Amino acid sequence: MKKLIDGLQQFQTGYFSSHRQLFEELSHGQHPRILFITCSDSRVDPNLITQAEVGELFVIRNAGNIIPPFGAANGGEGAAIEYAIAALDIKQVIVCGHSHCGAMKGLLNLSSLEDTMPLVSNWLKHAEATRQVMRDNYGNLEGEELLEVTVAENVLTQLENLQTYPIIRSRLHQRNLTLHGWVYHIESGEVLEYDAVSHDFIALQSEIRTPEPEYNFHPTCPVSSSKSFPVPPASQSKGNHRQSVPIQTPLKNGGLASRN
Amino acid sequence: MKKLIDGLQQFQTGYFSSHRQLFEELSHGQHPRILFITCSDSRVDPNLITQAEVGELFVIRNAGNIIPPFGAANGGEGAAIEYAIAALDIKQVIVCGHSHCGAMKGLLNLSSLEDTMPLVSNWLKHAEATRQVMRDNYGNLEGEELLEVTVAENVLTQLENLQTYPIIRSRLHQRNLTLHGWVYHIESGEVLEYDAVSHDFIALQSEIRTPEPEYNFHPTCPVSSSKSFPVPPASQSKGNHRQSVPIQTPLKNGGLASRN
Amino acid sequence: MKKLIDGLQQFQTGYFSSHRQLFEELSHGQHPRILFITCSDSRVDPNLITQAEVGELFVIRNAGNIIPPFGAANGGEGAAIEYAIAALDIKQVIVCGHSHCGAMKGLLNLSSLEDTMPLVSNWLKHAEATRQVMRDNYGNLEGEELLEVTVAENVLTQLENLQTYPIIRSRLHQRNLTLHGWVYHIESGEVLEYDAVSHDFIALQSEIRTPEPEYNFHPTCPVSSSKSFPVPPASQSKGNHRQSVPIQTPLKNGGLASRN
Amino acid sequence: MKKLIDGLQQFQTGYFSSHRQLFEELSHGQHPRILFITCSDSRVDPNLITQAEVGELFVIRNAGNIIPPFGAANGGEGAAIEYAIAALDIKQVIVCGHSHCGAMKGLLNLSSLEDTMPLVSNWLKHAEATRQVMRDNYGNLEGEELLEVTVAENVLTQLENLQTYPIIRSRLHQRNLTLHGWVYHIESGEVLEYDAVSHDFIALQSEIRTPEPEYNFHPTCPVSSSKSFPVPPASQSKGNHRQSVPIQTPLKNGGLASRN
């Protein structure tokens, strides 16, 4: 505790003093641009990894960056989503998973949690779709590799779940909201973003491939800018499904293989 | 009741007698190809409108063809979905709304139901996303027109909800399942299907625009065959959102305007 | 899908064209006389087996034609029941089970479903009373015979469950509603109806034995006022029905005694 | 989005590069010392205000830093608490409210939220105890002052709620866990901590008054063993703190009496 208290004093004499005006302005209201949903894990610091300033990220954190489908839970997730979008008018949502996620490890060993951590076990049912995708489709994976892909697939599951919320449905309908799936790698400091065009997680670059607000996960909105990219022809994709589901490949190689 | 009993006898001496072998075969097992989710409404008869034979459609019917998001309800919907896909290996799901839907009328007058029909009122919360889309985006609509668009938007909401089910997520991941949104018009006998490319409901024709199994609502799977169609360029779509959100337009005109 | 689309066109040019006026009338409102609750099974087509016209049957379909007791679930069943009776003023409810029911097979092997189909397993808990009746009273049955009786007993369980709904209770109290238990046999095309007087399932005939509106349909309590009606003696009734009734649930006689 | 992506790159070339070894170590496991529960508000950055390093704080964030009582919700809060304490063996929990909290503003105008933000409205029921404390005891407060005290009282409510969790109860019983209530002031950068001895929020100082592990943190019950410690007399303590403590919740004195 002493260390924390020293830290508080250091914050006051350091960062706070040099940003006094910012904090003064913020005391009159917040205007964050992004709803950042990530894990409670101590190794993930949203403001640090994005270098976002105080006031920029509205943050939801729980074990496993999980968003229960609308109506499936009455915890804080739905309320924070609603507040972020309806009250704060946020237009970008990021679901950020991370490597070595303990919640995802738990998901892969769910039965062992029932007795020892019943609340965690129950909570992870909102990631059951992730578990089934893994069980049905990635039976050959093990260890670190299995965990990495689970983390990535879970981000996609939670993006699906997000889209059942009324306020999300409505804003996506208006093309007034974009959803983003991220995976942060603790050991490399890198962030990969889900790319709907290639159906893969790719390195986040300044030059993003789908201009906003066209970049839209909403299943009813086809990615209209697809022609800018070399998409494999449908016939080829039909003939060889392995190529058209690239998420299996790059993540197998450690998730980073496709970085430049 | 007498009429029903006469009907049963008529069925036995008529249809059953002439299809005895079919029923004998079916008694050994069902192999339906389609999971058909529609409203309890007496005016909707799935086998009649599709002219499907006995044994072809596995059917879920409730008020409003609603599928609560995974975990949000413990009624029969989830179980029937799971059974249809996991046990019967069905590869096509159709959510079929219909014109003049009483459940959707109820949704547009939700407050009036709380006292008189509490179970209906509670059930319609699983269509809350539909209600919000309508409230936020179609404020100018009234009467029949409002109801028609509500029916269509609700089909899309339920397609979103469907995608939170583990077995659905997994089969979509494998590209081994397709989801379809239909609206049946009682007065014309027509069926419109949601078309992800144009983001509109269009007349169902033999010549469908997106070949299966490429036709896939899964938001993480871009419609790969999009180049076969004249998709408006991204810039134009950006500049004029009205053109790129055609669902607002054709349904305004009665839902059938775009038929050939 | 092509077959379905052809069917839709065939429906339009055929049945719809020749019944245009009926559909036009129906577009102004539905007035079904019967709430028909049956299984999602593709081999059961309510309108076909009853030869009911479009507009006559308000239909609930789920796996196992199960109606959870009031308050036990928040799925679509309660809402559809409420809507059927409170809004549409329907006065007859039919719960229709069927031979070779996969859900009932599942009920007889519940433990095997927990892992593979958790939603089905959970759903079947609303038929737990059926399971216990079978376990406690029909220990000597096996195979097809066991399944047949389970199907019939489950119809009775669901009739009990139905009677826990406020609107059902109230309308029964007013003698303004009748409940019927049916079993449809796929291989013979026959329908048996539960008969409260003999406490047995008997062939449905025009000459029904209990004049409507019968009150107190309570399936496990033989109608106490049976004296008031010219009811044939039990033995005679048994003798009459045995030939035309392939399955019975001869509960009065303690199980199978009366089976031929 | 561009700004965020620039931030990610800046993080990699800057902080990450200079702390590469720390991140490498963290990739093998997290060992945070503190469970930090705070609001989603973009103006609150836990690592910044405590100057804690990556890996030190396990963080739960939702609207209003609310922890529903055990069993009252099935959201992510309980699971994250359980994981933090049972799996990570964390021994200190901080609930940190903050000035100008939008969720607390909402709590003070709850009725206005029912229609516009139903999920927020529902979520705030877990802070109903805060609302009642305010209504019953602080009727004379208004505006900013009312909001400030609400924020502080809500921290105490949530500390109560925390203590309903089995794992929390058990660890407190073992004197193996301490709970702390904080209020962070955006405009001054200061943090006040709830002090059980004076039943007041006081400036956090290196010289803390109750040696850890203090048992019985029960916020509404002044520590009865206070005699054992050299506690300065209440009046003196008040005098000391008044200058450095812009907000107080001088509950002992019945509300506002001691405010200057």
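We call the chains A, B, C and D, going by the order they appear; numbering starts again at 1 in every chain.
The working rule: a residue touches a chain if its C-beta (ideal position, glycine included) is under 8 Å from a C-beta of that chain, and two chains touch if they have at least 3 such contacts.
A quick map from chain label to UniProt name: A, B, C, D = Carbonic anhydrase.
As the structure is a computational prediction, the values presented were derived from the model and not from experiment.
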Path length in the contact graph (subunit B (Carbonic anhydrase) to subunit D (Carbonic anhydrase), fewest steps): 2
Target subunit D (Carbonic anhydrase), source subunit C (Carbonic anhydrase), minimum contact steps: 3
Chain of greatest Cα-centre distance to subunit C (Carbonic anhydrase): D
Centre-to-centre distance between subunit B (Carbonic anhydrase) and subunit A (Carbonic anhydrase) (centres being mean Cα positions), rounded to whole Å: 30
Whole-Å gap between the CA centroids of subunit A (Carbonic anhydrase) and subunit D (Carbonic anhydrase): 25
Where subunit A (Carbonic anhydrase) and subunit C (Carbonic anhydrase) are represented by their mean Cα positions, the distance between them in whole Å: 47
For subunit B (Carbonic anhydrase), residues contacting two or more additional chains: 68, 73
Overall pattern in which the protein chains touch one another (line/ring/star/complete/other): line
All touching chain pairs, where touch follows the definition stated at the start: A-B, A-D, B-C
Subunit C (Carbonic anhydrase) residues touching subunit B (Carbonic anhydrase) - in the complex, by the definition given at the top: 1-12, 14-16, 23-24, 26-32, 34, 40-43, 45, 47-52, 54-64, 66, 68, 73-84, 86-87, 92, 99-100, 102-103, 106, 116-120, 122-124, 180, 186-187, 189-191, 204-206, 208, 212
Sites on subunit A (Carbonic anhydrase) touched by subunit B (Carbonic anhydrase) in the complex: 68-73, 125-126, 128-133, 135-137, 153, 156-157, 159-161, 163-171, 173-175, 194, 196-197, 199, 211, 214, 217-228, 231-234, 237-238, 241, 244-245
